[in-house]
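Right after this note come the structures.
Shared between the two complexes below is subunit A, which pairs with subunit B and subunit C, respectively.
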Partner chain A sequence: MSRTALYIAGRLAGAAATILVGALLVFVVMKAAPGDPALSVLGENARPEAVAAFRHKYHLDEPLVGQFLYWLGGLLRGDFGRSLTIAGGIPISELVAARLPITAFVGLYAIAIAVAVSLTMGTIAALYRGRAADTVATSVAVLGISMPDFWLSYVLVFAFALGWRLFPAYGFTSPVDSVSAALYSGFLPAVAIAAPMAAVFARMLRTSLLEAAAKEYVVVARSFGFTPRFVFRNYIFRNALIPYVTVIGLQVRYLLGGVVVIERIFGIQGLGSLAVDAAFARDYPTVQACTVIFLGVVLTVNVVVDLACAALDPRRSL
Partner chain B sequence: MSDLVLEVRDLRTRFQLQGRGVEVVRGVDLSVAPAEVLGLIGESGSGKTVTGLSILRLLPGNAEVSSAVMRFKGRELQDLDEDAFQPLRGLSLAMIFQNPVGAFNPAKRVAWHLREIARRRHGSEQGWQAGARDALSAVGIPHPERVLRLYPHQLSGGMAQRILIAMVLALEPDLVIADEPTTNLDNIVERQIVALFRRLRDRLNAAFIFITHDMQIAAALCDRIAVMYAGQIVEVGPTRAVFDAPRHPYTQGLTATSLALKQRVKRLTEIPGELPSLMSPPPGCPFAPRCAKVMARCREEAPPMFGTAPHLARCFLAEPA
Partner chain C sequence: MTGTSRSRYGHVLRSLTGSTTALIGAGISLLVLVAILPGAALMPYGPNEADFFNLLSPPSLAHPFGTDSFGRDVLTRVLYGARVSLVVSGAGVLQAALLGTAAGMTAAYKGGYADMLLMRTADLLFAFPAFVLALFLMVVLGFGTVNVVLAIALIYFPIFARLARNMTMLVREEPYVQAARLMAQSTPRILGREILPNIAAPLIVQATIGVAFGIIIEAGLSFLGVGVQPPTPSLGVIMADGREYFQRGPWVLTLTGLAISIALLGLNLFGDGLRDLMDPRLRQRVEQ
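Then we have the complex of A and B:
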């Protein structure tokens, strides 16, 4: 147990360093980009005094190092600061608190769909290797990997929202208000995010199932007279799960990239669209806050996946 | 003859490789009596392992197995489909494999394996722990409690093979096919495992087919010997007779190298030449190209089995005058 604690402590330290570097990078990139938050709020024709007052209020007139350290100090106290432009003066933590559940919901929804679809498709493809079902599943997977998610989004909207009118084309009900409505209105965006992931997961699962099925221990298990169902579940599937879970962990970072795009397309007021809006409006602290949160999510997922893999695979130590 | 555990006639196994059929087992006859240990010896590639896997139907999908007779304790097995055959594995016909460490489920502890074996044998896991401790003690594992908690990757080869033997014996099969169970172990452990088999042989009712390329082990463990060459049995007989008065030149070569090296460890590859390619087997005796006593007819005509039971040899030299 102490080994696990030690491992988590080490990972936390690494995560803090990664977040620091990430935050610095975003800070520098944002400052280097053209545009001015003061002008973005006050308009191109604002009086110079007003602009100076705005800059002073948000410490924009101080040296960059000072600005960064000021922001970092707030971060350490759990304070993201206040929004500059898109929601002038409102604490960013409030914005995030309203947006995070939405993005988390859509992201988890997408992962759930991707896992369910890939478990089914990957298993069918492996069980019927080389036969029609395998060819169909593998071809669908290639299609899923090759389709850009934004393009798939428009196809889904066109077919299921505008064509058959089964789902809304735009807008999303927060799960805080109604889970069932969120499940309904979030279905198309979740599918759009899930499709490429499901394809990658399914291919991985198929490959690892076939690999495990060819192992000597499967022949030995059959020689004991264990039933095919038992051998599949406890030997083949159980051992194929390890690379499968690893791949899920690796894909979560792409998932976040997808979320940003898909939230814009479907008009979901999540963290992704917040980050995009804030970037366009030069709302530096809001962009930085979103980045830090995204980084935190990726790092947390990595730790969870590592723990899960260690639990699944006795040969791996933390 | 009906009291045999296993009777096999004309066993043939073909593999489909790149559209071509290659016959690897070419008409093998075998029989094993209760509690008998039959040694199946021959060099690597002679078809010993495939013969064992064919009997248990454990070969991959590109293998076709056929036989004229496949009788287990008087019961004809040929016509059984996979669903009917599967329950016989483990409880009636079992196998011990060459690579013991790779034989375990790497994700599960030793305890899991023994519990599932108990469930397979008795239909429930009740009292499996006591059974597992006894089974492990019987194969010479000193601290069964501790070993049960280990994962397969934490086992040494010798320990893994002992546990595997314990698992197979816990299933109480009528016939065990042991496929070179000591080949991947170092010399000292190999000797210990052979000693273990010797003890078990006297204590158990199971019949064994012991596949090996080690003459010394075969001589130490087996009641009868079947010598395999190029997918065929070329000589079969009581161990003493086969080793003291071999009739087939191939067996003579094996025992000669064995004698020359006295009691030292020796392998079978010391006969000059190699096994013929089974992609295009020669028309006559498959051993003719390597045989010191080859005659003209050996290259044209494949010899049948000659001699009087129980000692037979597939060679024209053994033909009665």
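Then we have the complex of A and C:
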């Protein structure tokens, strides 16, 4: 095996271990919490036999270790089990298959907007450092991280959906049905999620562009008589991209957190709202499945970011 | 080495007057503090004082932020709510800062299994989306103010632990630490008297920014109904209220969020300015 393949294998094994410990942690904590899924489905006054039958059906009457191992065995076969309460008896993999594309679409949409905005803002701020354009871009960026994203959602709805009626205020068309309708109905939620991210990205890009511009190799390149455009593109920008890409990867965590709230506000039937509903209804296996997916996404993105940085920076070894 | 560190903070304090960002941030933060601490008590209304002849009246001179569906003055509620949110966020970040710093410093100084265990725990907590972690925690522990504090503390614990560990690694082998070790000083004394003063600056900056984000987390949890519970006015509770009648009285939600944004803008500018002043690399370039 090549060194890169070995490295990736090692990182993925570490990620799998982290997911396992994380899932175990969530399992233990959820079990320790008050609330009984049997009672939440059958009602507080359910007959004891019905409760016992429900528990038996979903293996809730077995010892905790057995329950976890049973769940783990299913997971290794790619089976998340069945939903307990929110979608009684439906395989969770079906729920996930319906909702994952929606959240992935909105998330990627938001990242695309954030990247487009921050590349422009960050570059302008760095090029016109200390001038009016820099002050404006930097101030807008600080404002961007100071606004609660759920509040921004309502302001956007107020202005662009209720006021000017440019976009729908509520509801979302799945990209599986129509990509253009998804792009249209997902615009406001994506902007609400993107705003704080764009602010963070732009600040990072400005700082790293300025840092790269002060390096010796830039002075050397200039002394060779390369054009400013060439120096910027090949020496300054490329080096500044490394911390920029790293920050995009780190923000995926916040993105998944923000999605949870924004999906509820806009009535998007995504993975975030599934996780919240499942947690409220004590739907343990669904919460577990969402945990595994969230952790899986975050950890995979970490590995991808490190690989991308290694590709951008030949000096760095894996 | 407290002498050196004292003069370092002296430098920061002196140059604070030279940094526009930090000054503007400090100014806004101070204004907000004055508004919510003595200011709230000076308002002619109480936070839960209902006026049934003035239900959902739009912003006016008598009610700059309008009134809500019970005729309560929204500005008064925001000022009182900001106290609650600030205390909740501050308490959470303070807990995380104390425990995280202690854990991170000990791990870095002792090394070995303790270090590995702490860092793996921090990594695990770090892999969870912060808000999802907070939500799960609220569902498990139950809704309420105290548990919001715990959720914020849990989110910030790995951040402080990591920061304190990395900073301790940097100064661990400095001559003054070795000297203290040669004088047979106890580990807690070395950590507290020699290392802590020299790594405090970035921790303080992190805490400032942490309080700002803690307020957003509190607002988000209470907004979803799992955080601070009404009738206690917190910023999130007021906004959740405003969401109910957003179409008929949009000012409740909109102006409350605007007030939060301005307050956090102040805190963030202050934190940014402080960080620039305390980062020797950036300071050098500014002075060149």
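Things worth noting here:
In the analysis below, the second predicted complex is superposed on the first by the 317 of 318 C-alpha atoms of A that agree within 3 Å, B and C clash if a C-alpha of one lies under 4 Å from a C-alpha of the other, contacts with A are read in each partner's own complex, and residues count from 1 in each chain.
As a convention for this text, a contact is a pair of C-beta atoms (placed from the backbone, for glycine too) under 8 Å apart; a residue touches a chain by one contact, two chains touch by 3 or more.
The model shown is predicted, which means the values in this text are computed figures rather than measured ones.
Of the two partner chains, neither subunit B nor subunit C is touched by A:Ala9. Within the superposed three-chain model, A:Ala311 lies out of touch with both subunit B and subunit C [touch as defined at top]. When the two complexes are overlaid on their common chain A, residue A:Glu216 makes contact with subunit B while staying clear of subunit C.
In the superposition on chain A, A:Arg238 contacts subunit B only, with no contact to subunit C.
Look at A:Leu166: by the touch rule set out above, it reaches neither subunit B nor subunit C.
In the superposition on chain A, A:Phe226 makes contact with subunit B only, while subunit C stays out of contact range. Contact comparison for subunit A: of subunit B and subunit C, C touches the greater number of residues.
On subunit C, the positions that touch subunit A within their shared complex are 123-124, 126-132, 135-136, 139-142, 212, 216, 219-220, 223-224, 239, 243, 246-247, 250, 253-254, 256-257, 260-262, 264-265, 267-269, 272, 285. Touching subunit B in their complex are the following residues of subunit A: 215-217, 219-228, 230, 234-235, 238-239, 242, 312-315. Here subunit A touches subunit C in the complex through residues 18, 21-22, 25-26, 29-30, 32-34, 142-143, 145-148, 150-152, 154-155, 158, 162, 214, 253-258, 260-261, 264, 272, 275-276, 279-280, 287, 294-295, 298-299, going by the rule given at the top.
Interface residues of subunit B facing subunit A in the complex, by the touch rule stated above, are 53, 56, 58, 86-91, 94-95, 97, 99, 102-109, 116-117, 120, 151, 153, 164, 167-168, 171.
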